[in-house]
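Shown next, in structure tokens, is the structure this report addresses.
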Amino acid sequence: MADQHRPAKPDITRTPARGKTGEWSTALTHIEPNVIEVRGYPLDELMGRLSFAESIYLLLRGEVPSASIGQLFGSVLVASLDHGVTPPSTLAALNVATSGAPLTDSVAAGVLGFGAQHGGDVARCLRFLSEGLALHREGASYEDAARQLVEPYTEQGATPPGIGHRIHTRDPRAVRLLQLAHELDLDAEHCHFLRIAERVTNELRPGDAERVSTNVDGAIAGVCGDLGFEPDVAAGLFIIARVPGLLAHVVEEQRRQPWMRVIDPGQHTYDGPSRRRLPDTRR
Amino acid sequence: MADQHRPAKPDITRTPARGKTGEWSTALTHIEPNVIEVRGYPLDELMGRLSFAESIYLLLRGEVPSASIGQLFGSVLVASLDHGVTPPSTLAALNVATSGAPLTDSVAAGVLGFGAQHGGDVARCLRFLSEGLALHREGASYEDAARQLVEPYTEQGATPPGIGHRIHTRDPRAVRLLQLAHELDLDAEHCHFLRIAERVTNELRPGDAERVSTNVDGAIAGVCGDLGFEPDVAAGLFIIARVPGLLAHVVEEQRRQPWMRVIDPGQHTYDGPSRRRLPDTRR
Amino acid sequence: MADQHRPAKPDITRTPARGKTGEWSTALTHIEPNVIEVRGYPLDELMGRLSFAESIYLLLRGEVPSASIGQLFGSVLVASLDHGVTPPSTLAALNVATSGAPLTDSVAAGVLGFGAQHGGDVARCLRFLSEGLALHREGASYEDAARQLVEPYTEQGATPPGIGHRIHTRDPRAVRLLQLAHELDLDAEHCHFLRIAERVTNELRPGDAERVSTNVDGAIAGVCGDLGFEPDVAAGLFIIARVPGLLAHVVEEQRRQPWMRVIDPGQHTYDGPSRRRLPDTRR
Amino acid sequence: MADQHRPAKPDITRTPARGKTGEWSTALTHIEPNVIEVRGYPLDELMGRLSFAESIYLLLRGEVPSASIGQLFGSVLVASLDHGVTPPSTLAALNVATSGAPLTDSVAAGVLGFGAQHGGDVARCLRFLSEGLALHREGASYEDAARQLVEPYTEQGATPPGIGHRIHTRDPRAVRLLQLAHELDLDAEHCHFLRIAERVTNELRPGDAERVSTNVDGAIAGVCGDLGFEPDVAAGLFIIARVPGLLAHVVEEQRRQPWMRVIDPGQHTYDGPSRRRLPDTRR
């Protein structure tokens, strides 16, 4: 009997509740009249004392980050802030906006555009790194582990998740994020294995192929892996980080464009400020 | 002929594009291979030098905020981070999550739950404050302007937008945000008129009515008005700020609850850490 | 004091529930084990005896439609089934689909693309027609009522809701729907006033302007008005009718296109069957 | 080296487009001024001659269905029209509606609530049936094929997709749909294998377990399988069919309930018409 018809073991890890209501608990935020406590901390006490990024970290992880973790985590969020008008999420948001829909609708449609192929590489790359580290713990060298994991991709002319980008050959966000993690002494084995996987990928690609490097999703996966984030939460950080970008594009659409236009992404130009540098007073 | 049938002047402020594609521009982010510039600043240069909140401000407003504006703006975002499981947006997100949908779907549904009655008070209150300031510029005292604007609400047993809360009689986020604005010397006429409107509202309510005070939406409207935000963008800040909260609730649902449960908001309890204080080292 | 600052009377038609849960009722569908009754009818009894369109009518209106109303109502839904790839709703759905998101996400994003400028004309036109009929009941001739309502639009170079289309000068769906209503003896004063408004619009437009005619939204508004639908429900019919179109486009995208493509609506061509006619055996 | 760390073969079935725009085609609907052709048929010609269900079938499958297929297909859609207020999709829609959001937002949130555990059984069951029929074609008896596929579920105390329901022990929609398929002579091997799988499931369950039967998702999977639908399109029919239900609930929420209520599904009652029967004149 052909092997391909042997059914996969059914995934029954969570039982359905079968229609019953009942008591349930949350460990995130406690509300009572005139009291709002996030993970035990009064929300009004966080205001002015924790940054927005640190507060997000506290909410997601349960504890206040150290100053250096807070800074690195903030950089993870800044890295994904915006990527112009061509990502499908931004185009989905703009198309909803041109139909005259409210801001919330446009942003929500943009969030829906974070499909498995767009932002999903954070989770896939973090699982890929975890697989590599598991192989290493079982005795393989990092090099061999990387080779074993990368080959199935390069054999098909593809690259592993987190390596290679549709536009950038050297993603400046990835370079900067990995550098920051290193400077803050927060990079560990995930970032280490990621660098090896990047090198192995290029070794395994045909001699005439264009060099590929770690993209922003890969760098976020490496950094978040070393910070102890689980893959789905790390992927969720992309949603948090890009929502401001979606909002900015939708507001710009509402201010500058006519209703019901047919949006051709190939016909856009940039007319904002030309390149400038931060003042030296900014750290 | 009855007055109520006289048609409103049609709202034709933006012309439909009538199905034509064409060139268009964006002033937000410039992309070319290996370059990502937000408002002219290389994104990788922002990483580690601007906070996430400051970067959002730059993206939305076009300029890097001063340190004090950056801090106040960050507090606006922290103020709306989460409000437990009972807001309809959170319940919408949880219901989508229990159906087995991905994280993005659940968060998007939550964003859709920021309807006009939930978060919408930021925009409505900011317009209310602008109306009051316009009346003042035309010669009315702040007091008279407030009285003129508040009365139509109190006459119907209601409160103006930004004043009163479904749970809190004294919203700790509003108190703290207005205090911060004052400490940072960033409160101006919007915050001033808001305080007067709160007092007038209580004067105009029946003697036996419960005292109402400025809620978080009102405080955000006041602060954002004084920072020069337009009402729709100020309202959009609520989306940015609450998405992390939605994400945290959805992840918790996926970790702790069975699939397809019937979610009864009245039966939840909080089982997280009890009240604690930030260490003194946090500023 | 300037009139423009006099605040609009606040819209306080529904009171907020102020955070209380409580008993509530639904009159749509009764569920108990092994029983599903829609508006009192066992759902399994409807199957095979009512058409899908008739069942929708029953659910929305509370009663089984007559055969002729059922047929006309079905035609309203067929009229909005699909309109190719250029509506913003379809483009929003396609952009979400190309990101690798599930079918539900893509369809939901498409639904969000039914903003006030896209499909919203059904509700606006139905309110416009109701205003005209109210003026008539107060003594104005249909002609005068139409002139009074249309002028504010034509004065600004615009057309009233339901008249004119971004692509079609003579919308074949509108023509057919109004003809069907007439043949089935179901057209009444809303359709009548719509015809007059179309004529008056063209009379009031400049002599050299292109002739405009009733579009599909206008025809649906006229027919639904005469069938007794309220404006928001009539507008909702567009959602019901177009979801199959969104689904078909998303499935086609998943089958035929690569992931993460940048969708340029101006570069699409049609490669399906060329024009053909229904067999005579179809009624 | 442990087998569980051997990476799955990467799924690279569709190549990413790597950021390029380009020509593309659609075979669904051809649009030119005053012409709308769905699958080659003028849309206005379909109106009044094809039912809404038949038109949907044409759009999705490319050809006009026979009268009997049209009737069965319509019944598939009617079967999923509504299921009261407790499905998570309906609760998501109601929570968005109570926040004051527009109809489109509420319906879109409901669509997002059709997660893998809610409606997803149609696709899973259809794949399950196809696996069984593949085993049969390779030589196994239907009985053995069913036993082989069902056992991994019953061993874990679960049931295969399409069998068992959180509320109904004998789902009246499933019974009626399979009966209709039989009466119309449209049931074939998928429906046949489904019946065997149901029997085998009950044989393999512990002697004291409650009897389970085919649910509406299972019956739709069987019928759609025999009609030649692919799993994802069959699952998409649930979206099409339930959107009217979502709309009806949202409209009812807007008409009958206060804003910002905390919706407790356990506290609802039904106050619509009591049980009634269709008149004999309806077929």
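As written, the chain order gives the labels A, B, C and D, with residue 1 at the start of each chain.
In this text, contacts are C-beta pairs under 8 Å (C-beta built on N, C-alpha and C of every residue); 3 or more make two chains touch, one makes a residue touch a chain.
Remember, predicted model here, so these are calculated numbers, not experimental data.
Following the contact convention of this document, A, B is the list of chains adjacent to both subunit C and subunit D. On a Cα centroid basis, the chain most remote from subunit D in this structure is B.
Taking B-C and A-C together, the pair of chains sharing more C-beta contacts is A-C. Distance between chain centres (mean CA atoms), subunit B to subunit C: 32 Å.
Taking each chain's centre as the mean of its C-alpha atoms, subunit A lies 25 Å from subunit B. Subunit A and subunit C have centres, each the mean of its CA atoms, that are 39 Å apart.
In subunit B, the positions touching at least two other chains are 16-19, 21, 86, 98, 101-102, 104-105, 108-109, 112, 114-115, 117, 166-167, 259-260, 262-266.
For subunit C in complex with subunit B, the touching residues are 1-2, 5, 7, 9-10, 12, 16-19, 21, 86, 101-102, 104-105, 108, 112, 117, 128, 131, 134-135, 138-140, 148-149, 152-153, 156, 158, 160, 166-167, 265-266.
Chain contact summary for the complex, subunit B toward subunit A: residues 14-31, 33-53, 55-56, 59-60, 62, 64, 71, 74-75, 77-79, 81-86, 98, 103-105, 107-109, 111-112, 114-115, 167-173, 175-177, 180, 232-233, 235-236, 239-241, 243-245, 247-249, 251-252, 254, 256-264, 267-279, 282-283.
Interface residues of subunit B, counted against subunit D in their complex, comprise 86, 88-89, 91-92, 95-102, 105-106, 108-109, 112-118, 120, 166, 259-260, 262-266.
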